[in-house]
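First chain written, first letter: the chains are A, B, C and D, and each begins at residue 1.
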Amino acid sequence: MSRHSLETKIGAVTLRNPVLLASGPAGYGLEYEGLLDLERIGGVVTKTISFEPREGNPGTRLHETGGGLLNSIGLENVGAEVFFSEKMPALVDAGIKPVVSLAAEDWEDYRMLLDATAGTVGVDIIELNLSCPNVERGGMAVGTNPELLAKYVRHAKDTLPGMTVLAKLTPNVGDIAALALAAEEAGADGITAINTVVGMDIDLAARRPVFKRIRAGLSGPAVMPIALDAVWRISRTVDIPVVGVGGITSIADAMKFFMAGAAAIQVGTAVFYDPALPERIVETLEETGIPGPLGDCSRMKGAG
Amino acid sequence: MSRHSLETKIGAVTLRNPVLLASGPAGYGLEYEGLLDLERIGGVVTKTISFEPREGNPGTRLHETGGGLLNSIGLENVGAEVFFSEKMPALVDAGIKPVVSLAAEDWEDYRMLLDATAGTVGVDIIELNLSCPNVERGGMAVGTNPELLAKYVRHAKDTLPGMTVLAKLTPNVGDIAALALAAEEAGADGITAINTVVGMDIDLAARRPVFKRIRAGLSGPAVMPIALDAVWRISRTVDIPVVGVGGITSIADAMKFFMAGAAAIQVGTAVFYDPALPERIVETLEETGIPGPLGDCSRMKGAG
Amino acid sequence: MKGLFTGRIIRTQRLSPLSHLIVFERPRGFPDAAPGQFVSLRITSTITPLLRRPFSIMDLTGTELHLLVKVVGKGSDILAHSPCGAEIDIAGPFGGTVFPSPEKKDAVFVAGGTGLAPMIFAARTWKRDRSLGRADLVYGAGCEEELLVSLCGEDFTAVHSATIDGSCGFEGDAVALLEKLVEEGKAGGGILYSCGPTGMVRAMAGRAAARFSRHLTSLESVMACGVGACRGCTVPVKTDGGTVLRTICSDGTVFDASEIDWERWEE
Amino acid sequence: MKGLFTGRIIRTQRLSPLSHLIVFERPRGFPDAAPGQFVSLRITSTITPLLRRPFSIMDLTGTELHLLVKVVGKGSDILAHSPCGAEIDIAGPFGGTVFPSPEKKDAVFVAGGTGLAPMIFAARTWKRDRSLGRADLVYGAGCEEELLVSLCGEDFTAVHSATIDGSCGFEGDAVALLEKLVEEGKAGGGILYSCGPTGMVRAMAGRAAARFSRHLTSLESVMACGVGACRGCTVPVKTDGGTVLRTICSDGTVFDASEIDWERWEE
């Protein structure tokens, strides 16, 4: 039987297929050796790096909720230098396509990080994690403000000519499609949606919040309807490709994201419990082809 | 053993206990006869009514997701006249405390609805459902705009002197605490949080969104961390009581809401599968008392 | 009056690759029920599945409650494979309208798939109280394997079977077979009782049913509360002025098919 | 090299009201493992529990994989009550550091609760390769019922038991008992091996352990990936410059207790 080609173009980059590991759960890619065949998937969005190494958050970092996972890792990462000199080359050597995820605490940090990225051979696609708290904005995420978001995206496009830039959005806003539009207008080559949803939990016995930082990020099956809605709306608002992520737990879930309008998908939390899922999705896509997006069933209206 | 008194004061009203049924799942209250002892609970927030009767949305109205339920009922209701002349008196006769939930499509509707409410004996507490799409706002919910929300709350307080007014907020905003503050400043006696989270799902076989209106409202265990976070933040922002709702599925969940700062709680989706839960929560509270709110563990910071 | 009960499984039988007979001990205090009523089961105490699952009562004796369960997803799968002795949370009986017994004793039943369950309950109930004479069952399933003839052999005077793939009996669905029987003068008059996929009932309502005095059908829908509170299972019913929405769970499950506004009913 | 396997349960034994021995057929191709390593089980294919659950390897023979499972929540409950024949998704073996065998053959093991499992694996492994001489187990549990003496009777030269409620053996926890033994000159020197609740290891690290040449401990934490990718299970480890975060799942599970920055480790 003839197998479908799954090559997927985003900006100037062609991925061998549209199935990626999401930033964070994917680590620096090689940790899953033996559990998942990384050469079979379209690429790995590496753990978000900042310019300097970061320790992340103290206290409990993971906590399961009904159908979901709260995490408060807090962007622990090795920093740009170690990442570009050690982690990335190892990934590339192993035949894996890295999508480099970047974040910054403030503008100065951001500029240095982009400069470090500019100097690195082999990086042709980055994902800007615009969901992390920003110092200048009093801890608010860059991704909640259209002007700031546009400024960040534009600077990446200016500093890194030819680089394919994905803007990863947070769902913790009133209208995620408006932010996607701001990113597109600022020159983003694609939108990744969604990052985690803000949530919290309480440790009953200890009578305190589970997390030191109190609020954490919700992922997994619980957020899948929220992510699918975001992808649906964004893909009807912008013309650039949308990369769908949030709660994908089965092949069926992946298909739904393509139908909602995603050009590619990422698997995050599910990799923890079902590391073979990304490969199974690729195999199914090879047999069936990538499902086309649904038509515009009706004008968008509010929910009841 | 001595039983704790659970009397709970909200505005000018004293509830026999702080455990309510949430608007929507509760219907008009009496439908659950035989399944749950309504006299044991603090009250029933009746299905949101509008001035005129409404048919609600066409097509599929319910759909299960991972740990959650999407609904697109679309505010089907009998209208103010039938509600106040038939449904409410029946509830009161059965010894049940009604909290009357109100919503309007536009300002004119809203004024008529409040006038109809003003003329009714026996209503001393209402919940304004500010989460439904509003015609004047191009389908956006009143509850997403602080000025509009304040205008609605203020008008209710002006039209209904002495009435206890709860403002029920939607989580589909960037900062729900800011909206709670707007409601408090406009005179609300309490805040109910949260209404459903916007989400969607796709019917793979039919290749179309599950719901005619595409977007629907997510409830159940999946949204519990989101609701708990909202209650935590709102109760640290306003001085009026907060009524917590969203994903309460167990006695432990209910306790967490009180610890997060809720003065009362509502059970929605869980009533469908575990109608005895509200009573069990009341029984436990009678034995243990209502858990006090947690201290301000630390300053609020963004999630990682 | 409806209530919450715990039912213990005392017998199970695999009837086909997908269909299972599950027999519960009738819970103490479980009320009497009539054909067209259903129970709603909380299949696990975890959140998968989250909602209760509705199943028609296939039989209710002094000591037993019978359900016919077809595996179509997670909930039905867990239920169908629950071991004897398992205790399951059962709410019910739900349903505000039921099938009335036939006026002139003879009746034609049309069942598609697990729509068989309420038809069996009707036939058994009315045989017990002697209100049923000749009982013809027109029964369709996807293929021979899913045709549960062993289950209904004794309850009907004649079973007319149809399979979509033609592997057994008439090739086609129950509606086409009913039409054939009507054309051949082998069925018609009296009340037509039906239960099955909405598509089947819809097709029948417009055509074959015209040859019967009434067509009463037990409808299905995704449900949450089961008691008329959530308005999740509505169906448009014609009235003088236009249409009103009725709930399948509490205004039904039994409706006069001619009163349903099929055009406005989009599932 | 770690991998994904399917394990079939071939034997289970209820050891106490809460603790169960679960024996899997060693999956084909399952790699050899060493004391301190663990496996991570996907207990159901539903979303409750969502994440895999980590369990220390208690024994791994040519044909069997033994786990000690204490019921503390949904996942352990389902696992502990899975029937023989059940097939469960097992990932592993995980863990980048393991317990080295004792330098001078004699060893003292301290176990709290299910921390017993890796201690048993160590004792059995080293007995098999003759690297273990006298083996003292200091073992604490909440009450007599949860003291699994039947399980470990043969693996150690002596078992010194403690129960919090004093229902059996020493009244107090394993740390207090260890201190008593040390004071009495009945334990000390060589490597101290431990596994148990973090509170226990923490208490021990500061006190009794000082009388041993090293204190190696297998740590626990909530985990997601199990392979060092998610950074969810970190522990601060002292270095020259200050502290670095190490993952328990892949930089551990075994750490030198003196290198852990206990003050900075807030769970």
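Everything below uses one rule, namely that a contact is a pair of C-beta atoms (placed from the backbone, for glycine too) under 8 Å apart; a residue touches a chain by one contact, two chains touch by 3 or more.
Given the structure is predicted, the values throughout are model-derived calculations rather than measurements.
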Enter the minimum step count from subunit B to subunit C; a value of 1 means the two chains touch. 1
Return the chains common to the contact lists of subunit A and subunit C. B, D
Starting from the mean Cα coordinates of subunit A and subunit D, work out the distance between those two points in Å. 36
How many angstrom between the C-alpha centroids of subunit D and subunit B? 47
In whole angstrom, the CA-centroid distance of subunit C from subunit D equals 54
Between subunit A and subunit B, what is the separation of their C-alpha centroids in Å? 33
Multi-chain contact sites of subunit B, meaning residues that touch two or more partners: 56, 66-68, 71, 73, 212, 220-221, 249
Quick check on subunit D: which residues sit in contact with 2+ other chains? 47-48
Contacting residues of subunit A [partner subunit D, same complex]: 24-28, 31-35, 47, 55-56, 58-64, 66-69, 71, 73, 76, 212, 220-221, 249, 269, 271-276
Considering only the defined contacts, which subunit D positions touch subunit A in the complex? 1-4, 42, 47-52, 91, 222-234, 245, 250, 264, 266-267
Applying the document's contact rule, which stretches of subunit A touch subunit B when the two form their complex? 56-57, 65-68, 70-75, 132-133, 139-141, 144, 172-174, 196-202, 204, 207-209, 212-218, 220-226, 228-229, 232, 247, 249, 252, 255-256, 259-260, 294, 297-298, 300-304
Please give the residue numbers of subunit C that touch subunit D in the complex, ascending. 46-48, 74
